[in-house]
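Chain naming follows the written order as A, B, C and D, and within any one chain the residues start at number 1.
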């Protein structure tokens, strides 16, 4: 394909697919119809560009700052299993950094981030009911009822460690309030909390993934992508751990510890004869 | 392990490893010794936090803006193979978004980003020589000589499409100049360009990965991590493509096109007998 | 850690974890307590070793042949999206073959292999009821009733293309019968088919993933690992596609087709002013 | 696309790509032009089908047995970092088994398997010279000379632990000899060993990856795919570890040990003021 020709490309045989994310020709590169060079590079922050790219709409300054707060809250929490997976993979394949990051990304699964996504889905459901005229309090009651009747936990609430309130959640909600972002969605979250208290007779605190989900929903990120936003953020932490592995590797110690786990004692008795 | 106890943890049996990236106890979460809740969430942008997390040093405002420019320049370039891999993987496993992102990340390999990393390495080498007193022009001459004598291409220069100058590179270098970031590193890049012109007798333009490498090196990101910075940026584009796949899927059309590629004609002649 | 010393390793500080899969010291390597060198290499096939390694029990010859049939049935079905993802990733990072295989593996998700795993779970549930004295026919009726009442499809049955019967399923069940492997499990599968016919009034054919699940369950592979057995098999097909990409690359044509998808027409009208 | 129609598919608009690995229509599924149902399922082992699929040629019985020996030798070596990465990823995302296997596969990089691939490349180079009339001994001398002059280690030789000879290597070469497979390639490997001894004045033993590479090359697997064959084998070990994680999880203990690594002491002194 000649990239410089002026003939229309659309009619050539091909996949018949198109995209609205980005476009380019020999003169110009567009991202969501903005000129990458003239309108974005040097003018917009990464977070603003991330929101523009994912949602297709240019965010307000307040929305950018609220999402910055969410992303910052998720960057790293110390030596997580996913950080270890990335470091060990980097050690085994230092020429393929992308593999180490991918190994770390793969640990961002349902156990860790499922609660974020489930909170987003819960709030989106309440939002849909509110959209057709239901009172948010009633919609929250119903949703919480269905969850508790099914014997499940309400996502976004409760924390093993911070029973008095997750400080990250408190801070995220404070930032959202100050910026007047996601007012409806954080309101629904509060309605869910109140419904839990009425139904279960005890107060559960909002946790950090719950607050993050409300903000992300409020700036237009669909709940099915919330896990993905957490992964965007977490890549920074993974890269920091890979950098540390370059300078102060822990892989040798981990390998030693693992070797002990499968060390064969010299005096091990022979296998029993039944299936030998 | 009790997370609330006040006993010292260090002496318990364990891996004997530690990290300087992040720390936490029941009261406080630290990222590079900053209080996540009080000092970072709501105060720093994602890009600033990314730099702090990866390098361990709080960047200047100018450094943050220069890195924002680099990240924005790399977000997306339309429907790349890695975007397609992410979309197809999402379609096959929509409940595991992390797998779709990982599949896209795995396409960020040597063919695409090798030039960025190689430019970073080249400039770091020149920087090392300058650090021991060599003139940058002389160091660049030597380095370019070694590369051209080995029959290789000088990384960071030349572009298949934009022979008159890659507009992203021009813009990135302009941003760096305006912000007074990476002045030394972009100077070395210019010295490399001049050395190429003297040696090869023709002028090659700096390309976008070359300019990005100079800026990243200038803000303290070691060259071995440059590919990782590009991946951090690219996750935004991958997420945008996954979002588009949710709304306007292309996987069905791609599957159809692939099915044709392995369609068995009804009248295919039988396999020749020799190896049957 | 000295690997040759005779001191006991267990008492050193460490992770306190152990494994029953494999062990080694300086003299001997064991896999599931068999001597790798003296008892396995040159004596057992890969499939036999795979079963021994995963289940911890040495399989019978008939079990090995039945699992060979399952693995062979799943190796490749032409140019699948996962094969394309592997080929494109290989083209972008040819020095990291593991990344290309991983990208292909990530496409083995719920949409493709969910039915296998769900069939295994369904049969395991029937087996559990049979184990406490319920008649298989009754257990199958109940299970099918629950699924159809919930408005879901019964996994392992039905095929878009082969309405008269999936030839791979017929062949797999024939092989199992001839080898007298998984007799109970294939019986439960038949009971499920009969229950569907009574409930829904029409006959649905067993599909290939249904037959594979019955056999794998019959040889001792828990249903949660069935997807993994399919992936073991599929790596062969992915490797074949990567080999073909080495010799007859399709990545350039795919890249061209993708470039058209995000081609920016020269005469594109400017973005509407509202959010510019 | 109607899959049942008899019209030729080739002329429809599409990618214009094709494959020789597998084909299918509504009546028939072919793998390398063999009928999957009638000629392969129930007739060929997985290893035979793997070789057929990857190379396009049906292997001899002796070739299948030699490759079985190679695959068996690589299945598992206890609790490796890649096994840990797979187990931790499974624990974080138990609904996405493919992600856990992919994370394990990503650890099969240059540090671990580079020697296998480099040995294959070395032997392929000697084979190319022998093909144009050079004596194998002379070709091996030259190749070894180039490597040692460059200050590098000769791949496929030497072992940290088994200085008297790697028992797996000895066994693999014995199996190859008994089966009369890869006679030329193992001969070149011996010539390399002799050249090392003449040049370096000391005898280095062949290691397991060296022996495996010679056999794989001898049965027609190009050296660039050797790492991939090791990964096919290793998926069995990874699946065994995931199965063990289901039954006797180690992830909780590892998470505890990791938490200690990033535990924040209650009495940590505040950050120094310089960059606050």
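We adopt the following convention: a residue touches a chain if its C-beta (ideal position, glycine included) is under 8 Å from a C-beta of that chain, and two chains touch if they have at least 3 such contacts.
Just so you know, these numbers come straight off a predicted model, no measurement behind them.
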- Message: Under the over-half criterion for shared residue numbers, do copies subunit B and subunit C use the same patch or different patches to meet?
- Response: same
- Query: Among the chains, which one keeps its Cα centre farthest from the Cα centre of subunit B?
  - Reply: C
- Note on the structure: CA centroids of subunit B and subunit C: separation to the nearest Å works out as 34
- Report, in whole Å, the distance between the mean C-alpha point of subunit C and the mean C-alpha point of subunit D. 20
- Enumerate the residues of subunit D that touch no fewer than two other chains. 3, 14-17, 19, 21-24, 29, 77-79, 83, 93-96, 98-99, 102-103, 106-110, 250, 254, 257-259, 261-262
- Item | In the complex with subunit B, residue positions of subunit C that touch it | 13-16, 77-85, 88-89, 91-96, 99-100, 102-103, 106-112, 250-251, 254-255, 258-259, 261-262
- Which of the residues in subunit B end up touching subunit A in this complex? 3-4, 15-17, 19-24, 26, 29, 31, 36-38, 40-42, 44-47, 49-50, 53-56, 65, 67-69, 71-73, 75-79, 83, 94-99, 101-103, 105-110, 161-162, 167-168, 170-172, 174-175, 178, 222, 224-225, 227-229, 231-233, 235-237, 239-244, 246, 248, 250, 253-254, 257
- Query: Can you list the subunit B residues touching subunit D in their complex?
  - Reply: 1, 3, 6, 8-10, 12, 14-15, 17-19, 21-25, 27-30, 33-34, 57-58, 93, 95-96, 98-99, 102, 256-266, 268, 271, 275-276
